[in-house]
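Below: one structure in structure tokens.
Naming follows writing order (A, B and C), and every chain is counted from residue 1.
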Amino acid sequence: MLQELNHHFELMEKQCISPTTTSESTSKTNEEQRLLRALVISSNCEKIFSSGHDLKELAENNDRKYHQLIFDECTKLMLRMRDLPVPVICQVDGLAAAAGCQFVASCDIVLATERSHFSTPGANVGLFCSTPGIAVARSVHRRMAAYMLLTGRPINANEALISGLVTCISPSVEALHSQTESILESIIAKPASVIALGKQFLFKQLEMDNLADAYSQGSKVMVDNLSMKDCQEGIDAFLKKRQPKWTHSNE
Amino acid sequence: MLQELNHHFELMEKQCISPTTTSESTSKTNEEQRLLRALVISSNCEKIFSSGHDLKELAENNDRKYHQLIFDECTKLMLRMRDLPVPVICQVDGLAAAAGCQFVASCDIVLATERSHFSTPGANVGLFCSTPGIAVARSVHRRMAAYMLLTGRPINANEALISGLVTCISPSVEALHSQTESILESIIAKPASVIALGKQFLFKQLEMDNLADAYSQGSKVMVDNLSMKDCQEGIDAFLKKRQPKWTHSNE
Amino acid sequence: MLQELNHHFELMEKQCISPTTTSESTSKTNEEQRLLRALVISSNCEKIFSSGHDLKELAENNDRKYHQLIFDECTKLMLRMRDLPVPVICQVDGLAAAAGCQFVASCDIVLATERSHFSTPGANVGLFCSTPGIAVARSVHRRMAAYMLLTGRPINANEALISGLVTCISPSVEALHSQTESILESIIAKPASVIALGKQFLFKQLEMDNLADAYSQGSKVMVDNLSMKDCQEGIDAFLKKRQPKWTHSNE
């Protein structure tokens, strides 16, 4: 399952290449050239967003190499979501547990219904949620991360909002969908290459301890950004109070 | 006082050794072999959880070496709480000030009554809460940490919850105790060695800047965890829908 | 404008030098010797706190060197606010956008009215808020930082409070001012040199990953602090239940 997801993400990464680049290859169909602008992830299972790794699979293949492979694939997926040059939006309605909670905590924007719950209960079956904890403890404050991981107890949507796991809460599934649409409209209105550049630098600077170093690199990113066609078009359109026309390219 | 506490924690660390190991020594009594599963810290002083260092002690022993010794002992205590292989739960009812607030911010799980308050008022007496600030600023967001440290003003339980200093709030002392009991039940239901492994890695990975590095180490921890007897028992019990029987050992 | 602000901050830094030091120079007027204790920043523009960089200026001077200069000056200003040895308090009433939001996220204490909003909408005009994101993502949790930066949508005062951008919210402009006064009273009641020492170490230790290292340096800061005249005066006054008399000097 994880390998399929990773393969799926690889295909999507290709769809993120800007039209200018893909149009060079005449063999590609129009379908392939359509630009991916955002990824919305939801569950088709009622009441459960994801319950994480398949314990049966882990038990039936009681082999260190196989186990290592599973966690390597899982890590690949989480890092791919961060490295994907488009915003990754998660729609949670129901329970997100263990690696399912790790998945949520690895998305850029998390929208959840009021009835959603989040937990890292691995220790209940003797398998501590160590890898889910990496994503969760980088999202929520320490007191909540330790509580979730050491007790295995679920937190509700409001606790998830206050502690930082969730961006916002919707009162119903319908509201969740209309909120997603509205967020997608905001993203689509922007140039793809600028979103890609911005998302990449966001996660880069977050790993930099030294504030002055982060600013030094950030200034370079801003100067490069200003030389891009879409930025010059965007500022010109803003000053002339007209609609911008994006190329979505890196030029 | 700090030396006594450190000595007390040393004794508790010994109680965390798994029964398999302690049973090797036949001279030990059953009493000694009882396994410590969690630490609950509360105050026997009404309205005050802890007001931190004893200013009189600091003033009467106006000597750099003695002062250094006091802060070294204090640091030892804070690091011991993090390194203790069992969850450390703090029950706050009243004021936690200065190093008392540092103590709270160094526990894994913090339960507080609604009437509790938290402050780092050292600068009022000319002694900035620099060491308490280390624990507090790693718990609450920067805007609140700077406010608490620079103004010395207390925050209430709700502000502490929102900013991340507290896990959850209880309306009364009775509710605080029943909540603690319920959390302890969750912890006791899990294998001790798995909680120890998980807590240790949680604080290790939190100090790692690079996400890919953290996952690389986390995957190894998961694979090792899967080879533990208690994990194999736990997953088997889960799949067969029966109660697990823990050894609590590291095997 | 940024150069003027930087020059203004340089002058203020000089006002932070303790009276003991400035009195050595007899040529200085009393005016110059007045001690700066805190910086309160507000906007004289109704409904807008700050909308960040001037896009017209950036467009009219379409030159990499000039752009680099602007972002270098901006970085200088943000780092100056952190390095200023007095608390920097921000009064927000209205919209703080892009570098205006970066400015807010670079202050020590942020007080905002209920009607305030915060956004990083640069990508709308093709210029991603990469440098504002450095300050914002170090203030709010990741799910909110990514939402603000990738969608460009504003968050309200309550969302800013919950996610960590704001210290507290006032129901009205009058309440904002009286809250500021009350916070200033708390700051003025403390010795200037101790606040300077504390603020400097707060931001230093926040950049240290290793907890034991941070405590090791923190203990030294505490021991040095205890040898300061104002600390000995403060503790003595506290124990004797009298008002302290501060020198505000580093001695």
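Going forward, a contact is a pair of C-beta atoms (placed from the backbone, for glycine too) under 8 Å apart; a residue touches a chain by one contact, two chains touch by 3 or more.
Given the structure is predicted, the values throughout are model-derived calculations rather than measurements.
Rotation angle for the C-alpha superposition of chain A on chain B: 120 degrees, rounded in steps of 5. Two copies of one chain, chain A and chain C, form a contact in which under half of the residue numbers belong to both partners.
We define each chain's centre as the mean of its Cα atoms; on that basis chain A and chain C are separated by 31 Å.
Counting only residues that touch two or more partner chains, chain C has 138, 141, 162-163, 209. Of all residues in chain C, only 87, 108-110, 138-141, 161-168, 183, 186-187, 189-191, 194-195, 197-199, 201-202, 205-206, 209-212, 214-216, 218-223, 225-228, 230-239, 244, 246 touch chain B in the complex they form. Within the complex formed with chain B, the residues of chain A that make contact are 55-56, 58-59, 62, 64, 67-68, 71-72, 74-75, 78-79, 82, 122-131, 133-134, 137-138, 141-147, 149-153, 159, 162-163, 203, 207-209.
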